[in-house]
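See below for the structure under consideration.
Going in written order, the chains are labelled A, B and C, and every chain counts its residues from 1.
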Amino acid sequence: MTVAQSPEQSASGLQINWQRLALWIGVLAMVLFCLAPALWQLLTSFKVNEAITAIPNVYFPSPSQLTLDHYLSLGWIFWRYIANSAIVSLLSTVVCLATGAPAAYALARLRIPGERIILVCVLIVSLFPYVLLFLGLLEVVRLFGLGNNYLALIVPYTGINLPLTILVLRSFFQKLPQDLEDSAKVDGYTTAQMLWQIVLPLTIPALVTTGILTFIFAWNEFIFALTFITRDTMKTIPVAVAQIGGASIYEVPYGPIAAATVLGTLPLILLVLCFQRRIVQGITAGAVKG
Amino acid sequence: MKQRLQRIWQRWRRGRSEPRWLWAIASLVLVLAIALPVWSQQPVKVRTMMQALEKAQWQSMEAAFEAENPDIDLEIIEAPNDTNLVEDLYTSAFLLGDSPYDLVYLDIVWVPKFAAAGWLLDLSDRFPEPERDPFLEGDVDGGTYQGGLYRMPFRSDGGMLYYRTDMLTEAGYEPPETFTELIEISRDLQAQDIAEWGYIWQGKQYEGLSAMFVEILAGFGAFWVNPDTLEVGLDAPEAIAAVEFLRSTIDEGISPPGVTTYAEEETRRLFQDGETVFLRNWPYVASLAADSEIAGQFAIKPMAHLPNEASGACQGGWGLGISATSRHPDEAWRVAEYISSEAAQKAFILETGYVPSRRSLFTDPDLVAKYPYYPQLLEVVENSVLRPPIAQYAQTSDILQRYLSAALTGRMTPEAAMQAAARETRSILNRD
Amino acid sequence: MTQASDTIRQRQIRQGLIMVAPAIAILLLVFAYPIGRAFWLSLFTQNLGTQLEATFSGLSNYQRIVGDGRFWLTLWNTTVFTSLSIVTELIIGMSFALILDQAFRGRGLVRTAALLPWALPTAVMGLAWAWIFNDQFGIANDLLTRLGLISTNITWLGDPTRAMLALIFADVWKTTPFIAILLLAGLQSISGDLYEAHAIDGASPWQSFWQITLPLVAPQMVIALLFRFAQAFGIFDLVQVMTGGGPAGATETVSIYIYATVRRYLDFGYGAALVVVTFLLLILAVAIAAYFLSRTRLNVTGER
């Protein structure tokens, strides 16, 4: 791991210890806050049904209260659902960044006519409650014959995440020093080359951040996925989870749902683990300073 | 097939001089081309959709049907287990015009709305009066809307009172008939520390609250909405008394305060954990509780009522309707007819423990051997009450749920809540 | 000279338009029809009373909204929910971002852990939260009892105020990472030199936070708040799963009401009018906020 190189090292020794202590308390509180409910889900996924609903609650299950049944009950088809979610999320993230980044750059730098109107429109559509889009979208999907087609999910997910992507990336592009691009232009870079070779590498934190947010949204979206995809082999994880049944229609099968959540979230955790390092790279990494 | 057509075509071009018999051959071939796929056992696809859980339970019935009807391929699409989501999925399919579903697996409360929207075929001619007799009255009535019949009854459902036989015997009580008895027994058993709680019911703001409440309304001799006159009875003194009764169970500590957040499952767990004497719930609890710690120590009976009123069980249940846009209504009908038949229903219920819609099955020896409580169950479901079979039911029910919940959680007095609910309901029903 | 620069400018504009076009096309494809349709349909009555045929009825749907107490109640509920949750999220999210911006051992893992709540599906966690807040089985009451803070079980979801608080808690837990990660990305783009220079000038960390950090992450903060505002106002699945709008309709949000009006009551014209009014009120709220922001010294839109 990286060695601390933050400014407070220049201060006196005692001060550092207090600050480090406060930092670690903060880290601990944060991790506890974020992980506790998730860990409870993890624990639930390994507990037998009697232990899940026991009074008083079982925090430390005995070996006889542990089981893998909830995971086994999901079956192999669950990997199919994970693959479906991965396809949809990956493609919508890629399309979102591929269309959002150039648009954000043009809106940040190229002073195109109607820039303000476009920005205001982007801002306004982002205010539309997304759940209420579905009825209109349903007709659009039917018009294009996209029922049971991944495009019926990829395009709306992209559209819903584009406003965020455009606004976030634009705010980062504006922070870049203008002279950098001016000198690149003098060196004969075209706008596309400049974007691809200079601007984007410098704004990787923003790209990764919005990419992760888009990916997670698409991974977990439920209403559209439920309505537009009815073929079993094409369903995504949230819809598949909603179909997990218990002993009766009324029962919420907490164990299998928790197991499905754990399995369905593992890919996201791996993804974030891989990419989180990228968030720190970029302008602060040293190449350019403003 | 294609080659044969080509040959005919060529011969026709060569011998244009004899058009008449060639035309005959050509038309024969055409007829064959259309008819052959049918002869070569290309089954007609009939689609429906239901909860994933229930699709799994239909498997052997589906296989048996297809074995008997090789010309039909019954395809069941899986939907989430939340009933509301199934309704949403059917609704959006119909809103798009040509629904991909030939058969609609209908919860009883959807029938009026789906029929009013023109999404269902009237089955009156296919399922005439005399053939309806073997079925439970509530199931048939729940499938009718403005004189038409839109749903074939399949499995029934009804709310009732569960009670702990061991606890009642210990304290020397008979099962309660009236609300007063229910309260008194509960209070006494709680005082003796035999049970933690007296009576547990579904008080969360959701559809189950309306279902539970129509039973209390019936027991108090009140009504919700008269489907014929659209008269609203929620602000009648009897209805307000019904709300006051429910409220008093909480105020007097007979029901836990949390009852206002419970749906079916929470109440079942508390009953199975031995926390309560009485429970209002659906028949599904019986088979699950029979596998729990309280096995053999509970029984069922119709809901309590006022001394001079009769008890009512909220009518639930599922059945098949035929989509108005189906291209195979006859094949779809054969599916609906098959699953409602005595043999198919019996086999399905032996396997799953659901409630039959045919009266004779409640006393069927094989079924009684497996589910000994079915004769009592017949008594319960024969006295069923419907939630108002009106097109605007969903809205009407939401209004009731909100105000009933307000009264139960102490936000409004029962009287004020029911008056407001009645006012809003009237304005909804008179608008259209 | 002017001619040459004109052509360069024209080329720049052409390039700019080409770069914007795909994004605009997708936005139009996704948003134009549903939004336009809502405005159009709001002038018609289309429900079970009209056999689902649309008949023109002018502004009568809007008249009906004025007297629709349920709509105004849901609007109020949603406003309370939105303001309380986004303010809490902003404060916690900013602390998270500041912590994550520090260098410490295991930072990668902590960062991932901090993002986990956002990664878990809302519908599933809604179920889990409902179970956690259950009065008999839930661990919320269990833990509080063990800590000796309560002696009898609290019915979290059975009381309007507590149910709202439980919802806000679950939502804050779920979406704080969203704000935190956006702010973190903003913090990462602030050069460390600025802090060093400021510290040499004798400023305390607290002063640096107000004078450097906050102004420089302001654009990201405003964007995060804007999107959280929109998301929170449109909250649907968490409420649906946790309380279903109860008790007594005290947690029913606008989205839930409109969704029911359209999809369950089949009252399309009225539902569309509700969408339009909600949408316009949101735009108005943001416009007012933008007006007041533009009068502060924070450079939020990034315009120079």
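For the reader, a short list of remarks on this structure follows.
Following the convention adopted for this analysis, contacts are C-beta pairs under 8 Å (C-beta built on N, C-alpha and C of every residue); 3 or more make two chains touch, one makes a residue touch a chain.
Source: prediction; values computed, not measured.
Set against the Cα centre of subunit C, the chain with the most distant centre is B. Each of A-B and A-C has its own count of C-beta contacts, and the greater count is at A-C.
With centres defined as mean CA coordinates, subunit C is found 38 Å away from subunit B. Centre-to-centre, using mean CA coordinates, subunit A is 40 Å away from subunit B. Subunit A and subunit C have CA centres that are 15 Å apart.
Listed for subunit B are residues 88, 92, 269, each touching two or more other chains.
Residue numbers of subunit C whose C-beta contacts span two or more other chains: 136-137, 263.
The multi-chain contact residues of subunit A, meaning those touching 2 or more other chains, are 53, 55, 135, 139, 242, 252. In the complex of the two chains, the subunit C residues touching subunit B come out as 47-52, 70, 134-137, 153, 155-160, 243-250, 252, 260, 263-267. On the subunit A side of its complex with subunit C, the touching residues are 1-8, 10, 23-24, 26-27, 30-31, 33-35, 37-38, 40-41, 44, 53, 55-57, 95, 98-100, 102-103, 105-108, 110-113, 118, 121-133, 135-137, 139-140, 155-156, 158-160, 162-164, 166-168, 170-172, 174-175, 191-192, 205-206, 208-209, 212-213, 216, 219-220, 222-223, 237-238, 241-242, 252, 254, 257-258, 260-261, 264-265, 268-269, 272-273, 276-277, 279-280, 282-284, 289-290.
Per the touch definition, subunit C reaches subunit A in the complex via residues 12-13, 15-17, 19-20, 22-24, 26-27, 29-31, 33-35, 37-38, 95-96, 99, 102-125, 127-129, 131-132, 136-137, 139, 142, 173, 177-178, 181-182, 184-186, 188-193, 195-196, 199, 205, 219-220, 223, 226-227, 229-230, 233-234, 236-237, 254-255, 258-259, 262-263, 268, 275, 278-279, 282-283, 286, 302. Contact residues on subunit A toward subunit B in their complex (touch as defined above): 53, 55, 134-135, 138-139, 142, 226-227, 230, 232, 239, 242-252. Here subunit B touches subunit A in the complex through residues 49, 51-54, 56, 77-83, 85, 88-89, 92, 95-96, 100, 263-265, 268-269, 273, 282, 284, 288, going by the rule given at the top.
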